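Listed after this line are the structures, all set down as structure tokens.
In the two complexes that follow, chain A is the common piece, with chain B as its partner first and chain C second.
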Partner chain A sequence: MKILTTVKKVVDVELNMHVKDGALVEDGMQYVTNAWDENAVETASQLKENNGAETTLVSIGGGDNTDIIRRCYAMGIENGIHVDDPALEKADSSIYAKVLQKVYEAGDYDLVITGKQAQDTDSGQTGIILAEYLGLPCVSNVIALEVIDDQHIKVSRSGDTGTEIVELTLPAVISVDVSINEPRLPQMRGIMMAKKKKITEMDLAALGTSADEVGADAPKSEIIEFMASQSRQAGQKFEGDAAEITAKVVDLLANEAKVI
Partner chain B sequence: MAKVLVVAEIKQGVLKSSTPELLSKARAIGASTAVVAIGSNIESLVPELAGAGSDTQYIADDPGLELFSAGPVAACVVDAARQFGASLIWFGFSESSKAVAPRVAAQLDAACATEINDISLNGDQIEVIRPAITNKVMQRVKVNTEKLVAVVRAGAFEATEGISGTENVVKLSPPEMDLKALVREILTDASGEIDLADADIVVSVGRGAKDQAGIDLVRGLADDLHAGFGSSRAMVDGGFMAHNKQVGQTGKIVAPTLYMAIGISGAIQHLAGMSGSKVILAVNKDPEAPIFNVADYGIVGDLFEVVPILQEEIRKIKAKQ
Partner chain C sequence: MSLLLIIALVVFGRTMYTRIRLLMALEPADRFDQITRRLKSVAVFALGQKRLVGRKKERLSGVMHAFIFWGFCVLLIRSLNIYGEAFVRGFHLPLLGDHSLLGYLYVFLKDIVEGIVLLMVILALYRRAVIKPKRLHNSWEAYLVLGLIGVLMISDLLVDGARYNLISLYNNPGHLDFFNNPRFGSEFNWTPISVLAGKLISPLGAGANRVIMTMMFWLHIITQLTFLNILPLGKHFHVITALPNVFFKSLDYPHEKTKLLDLEDESVWEDESLGINHIHQLNWKQGLDLYTCTECGRCKEVCPTYTTDKPLNLFDFNMQLKEELLENTDNLIKRAALANTLPSDGDAENTEKIKAEMAGLNSQKQLVGDVIAEDTLWACTTCRACEEVCPVTIEHVPRIVGMRQGQTLMAGVYPDELNVALKGLERNGNPWGIGYDKRADWAEGLGVKMMADDADVDYLLWVGCAGSFDDRAKKVSTSLVKILQKAEVDFAILGVEEKCTGDFARRVGNEMMYQMMAQENIETLNSYQVKKIITACPHCLNTLKHEYPQMGGNYEVVHHTEFIYQLVKTGKITLNSSLGGALTYHDPCYLGRYNAVYDQPRSILQSISKNGLTELDRHGPESFCCGAGGGRMWMEETIGKRINEERAGEIVSKQVANVAVGCPFCLTMIEDGMKELGKEEDIKTQDIAELVAQNMA
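Let's look at the complex of A and B:
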């Protein structure tokens, strides 16, 4: 089984974000691996260990992604492709999906594993659109995976009314949720070995395509402005005797907020 | 004139509140409206769909659509969108919508925007507002295509009182099943539970409740209030709560009148799922817990002590009302 996992470099969401003149203030930002992609990488590594899968990752954009990709190598991924091109600066999900389509077609993959969304956009579309472009079956929001045989896997998807059990015929695309596994922490030995591994760097031309073909010169949508979130104000906080303050709060819920 | 197709949200045969909300918004922007309803045994919903504000009802009613499968559902939406000539295709916020919307967009070569809070039309120019980076910022996004497929966040639009549409049913032919992604079964949780997405009050439990006994205590409070019972991710990961009870960025996005966070710290990923609530009450023993930064009312205390008092005081107030 040949697996392609996608890994995106994203801004660290735990830090404070500032907006100035409609743009994000880049100063002081830090960049990390998208959390859901770490679960995708872990899923791929487990399939390598338990089922002899061959693992490749692809990362698009982000400038210097060496650290991110090396970290994934240390987590068990064998090959890494980094596609970057000035034309991709304003890429939306469908452009990413077109680039991934090119990467997919250049390999001979059985399973594409993406994180279910990226922490910088929170869009959750790329993997699903990729599957449409490739005409492959796709299940999103996957929380468990089991290999049936060379051609079939069984996945659990967290859906609206419960857990959906879906049998997929490979090749297929899945997007995984954080609850599918606990991504391993890279170990010293893996980190040392990762330093020696090569990363295949490509621009769109090297990938055999162009800005025009992937739609990069005419994005379907573009972010024109960032704005600060309207954050809630802290209200009244009560400390002291539990019976007293709880009675007070219930009174406020009933008579001030009028919600009970 | 813009043409809005709303994808009806139907769960266990019941039409959910997102459908009238989205149709109201569509009418408010002066669009012509249609709805597409997909499922098994749903034809009886037609009067309700028209009453919610649609002037055409595309109905895909087939036993094969009983279990949710994204491929066939997308095919029905695309079919309806083409027949109607829709420029805007709107979904309510759900896991199903998030799986279907990008497929529809790809098939119609349309732009796709998920988790939108607002939409504006200026002539032909469509713009949406949506949160990003775990709700830390908002984005204004310009749509460059004629068509937009959008998933709208819970609580973004309000249903207008007193609107209604007209009945005009168009039956869709049943879609082909997705044989390469066969849905074997759906393991549903306890039925009869109040759906988090449209509960008026939601009570959520966090790691502070420690174990099953703690969860049962908090569940008692939810039951007393006839509230939806949700959870932070910590309790889902701990195996105590079902995955679809999780409130937050990776789970349900809720916007009830009252949200009670019991033993929840208030991580940004949790806040992303509930900060649209009208009133927030937090119970936490740590006075510095970030949940207090968003709570209208905060009780600093041990939940094992506070929850029974809450129940008792609520009972007293209810008896007086």
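Let's look at the complex of A and C:
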């Protein structure tokens, strides 16, 4: 079984985002692997270990993605492809899916595993659009996976009404949720050994396509402006004697908030 | 006689030779410096039997052992005399003949000592067989050795007893030698116990006494030579190795510091030679430790994991490693010889060949998995209680950390729960994984200076991850700031530039993550030319103070309790003794056992408490861990009782109203323990800084 996993480099959302003049303030920002993609990588690595699958990852855009890809090597992925091109600067889900389609067609993959969404845009579209372009079956939000044989897998997805169990004929596309597994931390030895491993770098031309073909000239969606979310005002805290506090709160509600 | 002696010595010599060669085949360790200090520690720990006699809880057995030990020292001289006498009639070691008082005094001492040792042996046998202390394993070896010592004493007393009888009752038929200097009188005036033994056999007549004297002489010699040859085979090897082991103990830090591994060297990753995965990766001192374990069980008795039913039993741990070591004796010696032939001229082909051959001699067993179970390895909190009580100064923790390095760096196998914390460290420089940009949020509005704005300050306040991100510990940071401001101390914090010191990463064997953290921190600290650091976290204290120098970070680091103590002493702050209710103190392992800070916290607490300080049963150097050290803070505790509840229970039993701590992790653990026991309302858990801030004038 040959597996293609997608990995996106995203901004670390643990940090406070600052917006200035409709754009994100880059200073102090740091970039990490998209959390859901780590689950995808872990799923692929487990399939490698348990079912002898061959694992490849592809990452699109982001400039220097070496660290991110090496980290995935250290988690068990065998081959890495990085596609970057100046034309991809404003790429949206549809454009990503087109590029992925090209990567898919260049290899001979049985299963594409993507994270359910990316932490930066949270749109959750790419995997599904890719399946559409490829005309492959697709299951999103996968929380468990089982290999039946070379041609078939069984996946559980968390749906609106409960867990749905779906059998799929390969090739297929799935997108995974965080609850599918606990991604391993890259092995230390793996990180050191990964330094020597090659990453296949390509631009659109090398991939045998063009900005025009993937639609990069005319993105279907575009980010116009960033806005800082309104932070809620801190509430008031009362400490001390219960009777006193009650009196105080009642007083405030009656006289200041005028709700009672 | 000569034959006997030669056989015994040759056999003994061979065993010892192999044992020493095996040690020399192990990894190097630098323990030959500071000879005077080393001799001093031998005087204290070995000759003074500090950890045997010095512990209140173990005084009886300690005294027993001490007397047997001292007796042995005295009797060693006697033995030399006996062997000499076997060859030269009337032989005496210089100065110990009958012409000097010293000779007589020795005779007297030896006589009394034999009596005492005999008594101690009987007591020890009684204790083993009847009292059966829990920590002891009742092995046949122990009885055999005690029996042999008993026989040695009895036979020697009977030799002298019979000699006395023959000389004084039967007119000395064989013209036996004895001390009879007119100035000091007959030898036998100085040997009451031998004379007493003589009285027991005097009715048997001259002939029988002669026979007894000869038989006992040979019995004594044969027993002694047997004893000598039994020593290296079991736990009584410590009779020989304990003195050197104490001599070679770590001096400047309580145990061997974690080695700074060279992670950039590619070959170590390829050869999988980082950490301790195979027995040959121990260093010779660690091997000597294994030889020396006396199987006394003191270590497990104080271990927070063993006492809460976890599988780590240091006693077995050592035994299993020792077995593995001895089993591989031949291969290890061969392996080391091969290592010496590795070409230094970079002949790649030859190097590969030799390396392959060496790998073939590695033990087939992985230390973790095949020799020691995983759960056992990860149970340790690195609290050092075991090391603090070990009478022969064995160092367990560095070995455990070394084995964890092997697991984390090479095998990539370690408890899953650590992933979250390690990832947090990797991304945001703190085990909680909270955005690094929020690190100084706690200090907002407190008027605390940032180094980035003004680095020209007297002190850096190192806040640590807990003090920055943990809601409970933030209150400690705030209190400390209040104290420093009150005392008008000129200080600043690093704010978002500070990262985890890497302590927990290092204890779980993740040297790579540790070095990443340490390197960045040291760069920051050095760029601000920081010299003096105050911190409220003993783990940060320990790492900054003892481990950063390995990487070029040299600072004067004090714990906040040491600093507050100074502030009080110099009158910068005044304390009220206004804290009501009984107060006790829980010693953090990394403050007490690792850094010997015991008195300052106590002195502060004495000053603020109306009712003085109630000590816990386990306190000071024998304090009981809260369960959070060694990375355990970030792992689940699924086996056995919970360590923090055990400790909280001990505090509850003291019926106090307040318990003070000096570590953010102890604070969490003890407070959680109190909650579990439903006591959080009755007993308040607070950091010393909080108590001081509340009770300042």
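Throughout what follows, the second predicted complex is superposed on the first by the 235 of 260 C-alpha atoms of A that agree within 3 Å, B and C clash if a C-alpha of one lies under 4 Å from a C-alpha of the other, contacts with A are read in each partner's own complex, and residues count from 1 in each chain.
Throughout what follows, a residue touches a chain if its C-beta (ideal position, glycine included) is under 8 Å from a C-beta of that chain, and two chains touch if they have at least 3 such contacts.
All of these numbers come straight from a predicted model, not from anything done at the bench.
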item	value
Partner chain in contact with A:238 - chain B first, chain C second, else both or neither	first
Partner chain in contact with A:260 - chain B first, chain C second, else both or neither	first
Partner chain(s) touched by A:211 [first = chain B, second = chain C, both, neither]	neither
Chain B versus chain C as contact partner of A:30, first or second or both or neither	second
Which superposed partner A:226 touches (first chain B, second chain C, both, neither)	first
Which superposed partner A:140 touches (first chain B, second chain C, both, neither)	first
Touching partner for A:189 - first (chain B), second (chain C), both, neither	second
Residue contacts on chain A - larger count, chain B or chain C	B
Shared contact residues on chain A - chain B and chain C	14, 16
Of chain B, residues touching chain A in the complex	11-12, 67-71, 94-96, 98-99, 101-103, 105-107, 110-115, 127, 129, 131-145, 148, 178-189, 201, 225, 233, 236-237, 242-244, 249-250, 257-258, 268, 275, 278-281, 287, 292-302, 305-306, 309-310, 313-314, 317-318, 321
Residue numbers on chain A that touch chain C, as the complex places them	12, 14-16, 28, 30, 32, 182-185, 187-193
Interface residues, chain A side, partner chain B - complex	11, 13-14, 16-17, 19, 24, 92-94, 97, 116, 119-125, 128-129, 131-133, 136-141, 143, 154, 158-169, 172, 177-179, 218-232, 234-239, 242-243, 245-247, 249-254, 257, 259-260
Chain A-facing residues of chain C, complex	263, 266, 269-270, 272, 408-410, 412, 416, 418-419, 422-423, 426-428, 433-438, 496, 510, 512
